[in-house]
Each structure stands twice: as C-alpha cells, then as structure tokens.
Amino acid sequence: MSGTFTKSMARNVFYGGTVFFILLFLALTFDSMATLPKRDNRQNLTEEVVAGKKLWEVNNCIGCHTLLGEGAYFAPELGNVYVRRGPEFIKAWIKSQPTGAPGRRQMPQFNFSDEELDQMVAFLKYMSEINTNDWPPNVEG
Amino acid sequence: MQYQSQAVAKPYFIAAIGLFVGQILFGLIMGLQYVVGDFLFPEIPFNVARMVHTNLLIVWLLFGFMGAAYYMIPEEAETELHSPKLAIAMFWIFLVAGALTIVGYLTVPYATLAELTGNDLLETMGREFLEQPLITKVGIVVVALAFLFNISMTVLKGRKTSIALVLLLGLWGLAVFFLFSFYNPSNPVLDKYFWWWVVHLWVEGVWELILGALLAFVLIKVTGVDREVIEKWLYVIITLTLITGIIGTGHHYFWIGTPEYWQWWGSIFSALEPIPFFAMTVFAFNMVNRRRREHPNKAATLWALGTGVMAFLGAGVWGFLHTLAPVNYYTHGSQITAAHGHMAFYGAYVMVVLCIISYAMPVLRGRAANSNKAQVMEMWSFWLMTIAMVFITLFLTAAGILQVWLQRFSDTPMSFMATQDQISLFYWMREWTGVVFLIGLVVYIASFFVKGETRAAA
Amino acid sequence: MTTRHIDLLWLFLMFATALSWWLAEASPGAGVTGVVLALAFLKGRTVALDFMGLRGVRRPWPWLVGGWLVVVLAVIAFTFLQAPAA
Amino acid sequence: MDTSATMTLNQDDTVEAAPLAPPGDLAVWFFILAELLVFAVFFIAYAVARTHDVALFAVMQQTLDPDAGALNTVLLVSSSWCVARAVLAVDGARLRTGARWLLAALACGGGFLLVKGLEYADKFAEGIGLSTNTFYMFYLSLTFFHFMHVVLGMLVLAVLWHGVRRGHYRRGRLSGLESGAVYWHMVDLVWLVLFPLVYVLH
C-alpha cells in the first residue's frame, strides 16, 4: 500500500492539475478583462489611433523597435517616444530616413503621407498613455 | 525501421536541417548589422532579416516536430501510418508555402506583401513572430489539421501509449493556441495580452509536452529502461511544467497595461519554472545511468543529456535571472531577454529536435547507428554548437547588464543608441561566436556524409 | 493509529483553533505572535504527521513537509519581528 | 500488511514496522510538494510585502471577519478528521461507515465554501477586488487559490466516496483512497498557516 507510484495516478494528477491551473488562469484573465478599461486608455482609442496601429503593423516596426518592451532590441523603445521626443520630432524623423550615415543603423523610408504621419503619432501618443506600472524606468526607455 | 511508413519522416528532417542553416545565416547577418549598422541596407533591412531568422526557426522546429511524430507514432502505436501519401503531400505544401513566404519577405516591402496577401481582410500581420501573411497562416492551419488528422487516426487504430498521448496533446495544443494568431484586436493591450497565448503558451506550455515526449521516446530506445518507469516520470515532469508554466504567463503581464497583481502571480509561478527543467535533467541522467543496454548510437544519448542540461540553463536559470518583477522592471526588453531567448530555444527545442534526428536518421537510412567516425564528428558538432551558444548567451548577458546599467539604472541615463555604441564590443564577440556556431552546424551536416563501418538496423 | 487517538487529535486541533481565535482579539505584540505561530506549528505538525501519515515514514518525507512548515513559519516570524505592527 | 507480525507486538500501533514511503501514491506526493512550494512562496511574499506597508495591512486586516476565519478552520480541521476516520473505517472493512465519514467531510468542505463565499460576496459588494490595494491583492489571491484547492479536493472526496461505496478499496488496496486523503489533508495544512497569517497576526 505504501510506496506505490503508478503511471495511472501520475496521469490523473497531470490531467487534474492541468485543468485546475487552466481554470485559475482563466479566472485571472476574466478579472484582468474587467480591470483593463481603467488602465488601457481605451477611452482614447480613436479611428486615427487604430489606423496608426495598422500602419505600425504593416510596416513591421516591431522588427527593429520594442513597444512596451516587446519586439526587437535593435532600435529604441517607442512606447514612450511620444513623451521623449514629441509629435513634431517623430514626424520629422520618420520623413528624414534613412540617414545614410556610414556604418550606422538605418531605418527605411516608408513614404508616409501627412495623414499617415498623424495617425502614427496618434498611435504612439496612445501607447504612451497606457498605465504600464511606471515602465520604462526613465524616459530613455 | 519497424514500419515502412516511418520513412516519411526523412524529408521532414532534411528540410528542418536545411532551414536551420538558413536561420543561422540570417542570424549572422543580423549580428553584423548590430555593429555595422548599414550592412546590406537597403537590400535586407534588419527587420526583414529578423523576421526570416525567427520565422525560419519556428518553421524548422515545426518540421522537426512533425518528422518526429511521423517517426515515433507508428512505432508507438505499432501500426503503419494512417496515410503516408497525405504526409508527403503536406510536406511539399508546407515547404513550398514556407519558401514562398520567405521569398515574399525578401523581395517585396512588407507593406506591399500585406496588401498582396489580403491582410485587409483580417489584419494579423506585423506582430512579433506572427508576421506571416494571412494566407500563410491559413496554410499553416490546414497543414497542421491534416497532420493531426493523420497521426491521430494512426494512434486511434493502434496502441495508445502515454508517450503518444502526451505528444498528441502537445501537437493539438500547438494547433489550438495558434488560432489566437488570428485574433488581433485594435486595443493594443488586448492584442498583447492574447498574443502571449500563442507565444508563451507555446514555448512554456504545449511545446514542452512535445519536448518531453520526444526525450522520453529517445531515452526508452537508447537506455532500454522500462517504458512504465519513463512514462510515469514523463507525467510528473509535464505536470510540473504546466502548473508553473500556465500561470507563469503572468511574467509577460508586468508592464503592458495589465493589472498590477500579475507582478506577484507572474513572479511567483515563473520563479518555480526552473523546477520542471531541473527534474528533466535529473530524469535524463538517471535513466542513462540505469541503462540496461549499450546502444550503439552514442551521439543521440549525448544530445538527450545535452537537452536536459541546456534547457535547464537556458530556460530555467537564465529565465529565472530576470523573471522577478523588480528585476524585470530594469531588464525587460533588453539584451538580457535576447540572451535568455537564444539559450532557451537552443537548449530546449533545437537540441531535442537534433536529438530525435540523431536517433532516427541512421535508422531511416537502414542502420542502427552511424559509423564511429560519423558519430565522433557529430559529437564535435554538438560541442561546437553548444559551447558557441553558451558564449553567445554570456556575451549577450554582459551586453544586457551594461545596457541596463547605462540606460535604465543610471541617474543620468544614456539614450538607447548611445548605449548601443558602448556595448558594441560584446556584439562583436557575439558575432564571432556565431561564426563558430555556424562552423559547428557545417560539421554537423558533414557528419551525415561520413562513411564507415555500420551495423544494420535491428 | 486508533480512532480514539484520532479523536483526541481532533479535540486538540479544535482547542488550538479556539485559542488562536481568541488571540485574534488580543492586542498585538511579539508574545502573541509567538504563541499564534507556535500553535500553527503544532497544528500543522499534527496534520502532517498523524493525518497525512508521515510519522515514522523514512526520511526525507517527514523532513520535507515538516521543513516546509518550519521554514514558512520562521520566515513569517522573522518578518513580524522586523516590522511589528505600529 | 502482515497481521501476524503486528500481533506479536504490543497494542501501540506506532510500533508497526516503519513504512518506507508515505501513504498513497508517490505521484500525488510530488504534486503535493509542488503545491506546498507554491503556497510557501505566496506566504513568504505576503509576509515580505507586509513589512513594506505595515500600516495598510494592519488597517485592512481589521476589515476581515476573524470569526468567519475561525469557523472555517473548525470546518476544515473537522473535515480532515472525518477523512482520517474514513480511511480507518475502510481499513477495518467498515465500508458503510467509511462512506458516511466521507460524506461528513464533504459537508464540512461545503460549509467552508459557503462561509468563504459569503465573505467574498461581502467584499465584492463593497467593490473590493484584486486591484484595490496590496493587502486585498494578497488576501484574495491567497484565499482564492486555496478556495480552488478546496473545490478540487471536494471533487476528489466525491470520487473517493463513490469508490468506497462501490467497494474499490480494502485493506492492502488503500492507495487510491489514501492518495485522495493526503491531498485533502494538504489543503487543510495550508489553511492552518493561512488562517493565522491573514486573519490573526497583526
């Protein structure tokens, strides 16, 4: 009776434990979904911001930059770039790429229209206003 | 080879290795771009190289997993594969679709690719690791379903071992969680929240079931230890994996707009995530020590032990280093993350796929094991690649620590680009170590062409 | 283990619970903290050794669960000594 | 076990040959150890977080109902006792008695869920949630995590009750019953730390 260690019990514990923790994860997700409206800045989710998000995606910005710390680590964090640089600098910067400085990392020219530049800025402004528990530690990202 | 239909695994393994080479070449391009910023610009911008690097990784591991399943399932179920023809058809569809996607990345600007491939119908592109065009994503689902149908039918008609069931569960989970890649809400926080349901619940969830099943299979074969013993430990290990890993998703919910309590839940559960990896290492060494036969394939045993150790170091130790919220506050999205990602992926998934290839390929080529000469060469490649990866990780960790210090922790923080200039020495060292890794990979491939005395497969 | 033995243990657990409950109303202090933690230890030990049946089982099993109890309660005691209630 | 061996010894049961392994299936024990580890980290996190904001924790603890906590301790300890009696009864081939003890244990578990549920309802009605403050984050996380364990444990007990009634367990074949029982005792053990930590110690 003592000292048994059976495969069937190990299997039952696996299934039971897994279902248990999936349910717990779903419960926490449920609570997160209920709490997010107070944190994720959704009241400012305008069409312009949504258009900016699409621009962000179809140009694969995440392939070089990070956004709230996720993405590639090749180019600066942009979740707070609106705070760091302000709207005009961002637009001027995007327009002036690539710099062509020899040996320096290069950003492609995306040929955005003025409207698209505004959308991108609106998206980056939106990102900077999400409650991220004070991340990043400072303005440099 | 006990069953004729196991042979379909062979093209999968060959394709996996071929794509692996591509992944490493693009890794070297990116590594060079880190220090010579305008290298290959504008022909291959960094974001394109990275997309190719990470997508090739995912695709070749999937090829490896599928090949492994096609090899293992007939032997586990003790019956021929449901449909070898379907398996071969899916191989070509997946390979051609994958190749076309990569060609698309390399030849057309990403925005144009998005437009050409119907991204406007359902916007799914442009998110890290999920950059594939919509049609490729749909293709992946179709191939995965056909594949799952094929192996599930095989298991249903044959013997249902625990290893086969765990493998099936992992593969089905892989397909189910991939469906979240089609969900891209316009709210960025929601987008990120469920994006992790693909990425985290893959690599720290269902993929680990696949990893466990592959490792258990090889251990049974090379050690001759009772299936009963190995299978019950497999269950214990994957239980530990999932009870820590599922809520461990929370370590990605610290700074992306999600509620504060995730800092506690995520830290506590992910702090325990090294335990299953440690258990796996102990398990692998234990089984090899208790072996009841000397299998002629020494290389496969080496890969199996290596998987345990390197997965523990990469996923366990390097993950733990920066998983606690107060630490992660400073390290999040730095080169420390890159260091962890490299060693974890290599240690857990690259090595386990190379392990099953190492065991299965000789059998598929009609011998119990490769010649001694070929095995020695393969073991050289093991050490070259593994040690190179250890140093890549160490250099990236050093780069990350310096980066965090200068850019995040300092009272007078440096800008991102100024910091990058400060740490370029580590990037150079990483790049040279990457070359060593490539040499290891070349040696690995060369070992397939070494002849010598071999024993016929049993 | 006899039924009488188990019943006595239950009585002890009830008594200890009543005592900690009563202490919940008492004014906080190092002495109360000590007594409450000691009671928790004795109760936990009873459950681990007698109910869970670890008494007399070969090491490391009693150590693992007993050690768990000791470590957790010791850390709690330490933090309460470090930062007693104002 | 060999009865003739015990006969020669005196009445004291503890003198029986020391078993090499704990009761029940080892698979369950690995799970229990993993769970205890999770709880330990949670408890320690609570204790450490408290030192950073003693005042908040002291004030917030006043809003809890120690009577409800104590009542729940009584219920959980009693249900553990019932389960221990059930195992003894089944070991003595008194299956119907064993099944009744398990039902009693289930009733106590149900009582625990009811009391805890009323406490939660009270807090939720006040709009308190995981994001209210650090204390309530911990209070709700810890107790809810434990609450879920009680639910799981009751499912296990229900299966055991069914098994006892069907005659699945008898002396020498108690592993399944004991496995479920030790899991339930673990749920009790954890509460015995949780109760003083959260409700009693200020």
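Just so it is clear, A, B, C and D label the chains in written order, and each chain counts residues from 1 on its own.
To be clear about the criterion, a contact is a pair of C-beta atoms (placed from the backbone, for glycine too) under 8 Å apart; a residue touches a chain by one contact, two chains touch by 3 or more.
None of these values were measured; they are calculated from a predicted model.
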Contact-richer chain pair [A-D vs A-B]: A-B
Relative to chain B, chain with the most remote C-alpha centre: C
Centre-of-Cα separation between chain D and chain A, whole angstrom: 41
Centroid spacing, where centroids are CA-atom means, of chain B and chain C in whole angstrom: 46
Distance between the centres, which are taken as Cα means, of chain B and chain A, whole angstrom: 23
For chain A paired with chain C, centre-to-centre distance based on mean C-alpha positions, whole Å: 46
Numbers and ranges of chain D residues touching at least 2 other chains: 19-23, 27, 30-31, 37, 130-131, 178
Residue list for chain C, restricted to those that touch at least two other chains: 57
Residues within chain A bordering two or more other chains: 2, 5-6, 10, 13, 17, 20, 24, 31, 35
Topology of the chain contact graph, where touching chains are joined (line, ring, star, complete, other): other
Chain pairs in mutual contact under the definition given at the outset: A-B, A-D, B-D, C-D
Sites on chain A touched by chain D in the complex: 1-6, 9-10, 12-13, 16-17, 20, 23-24, 27, 31, 34-35, 38
Parts of chain D lying in touch with chain A, wherever the complex brings them together: 1, 19-28, 30-31, 129-131, 144-145, 148, 152, 156, 172-176, 178-179
For the chain D and chain B complex, residues of the former touching the latter: 27, 30-31, 34-35, 37-38, 41-42, 45, 49, 130-131, 137-138, 141
Parts of chain C lying in touch with chain D, wherever the complex brings them together: 1-3, 5-7, 9-10, 13-14, 17-18, 20-21, 23-25, 28, 33, 36-37, 39-40, 43-44, 47-48, 50-58, 61, 64-65, 68-69, 71-73, 75-76, 79-80, 82-86
Parts of chain A lying in touch with chain B, wherever the complex brings them together: 5-7, 10-11, 13-14, 17-18, 20-22, 24-25, 28-29, 31-32, 35-36, 39-42, 45, 49-50, 53-54, 56-64, 66-77, 98, 100-106, 108, 110, 126-127, 130-133, 135-141
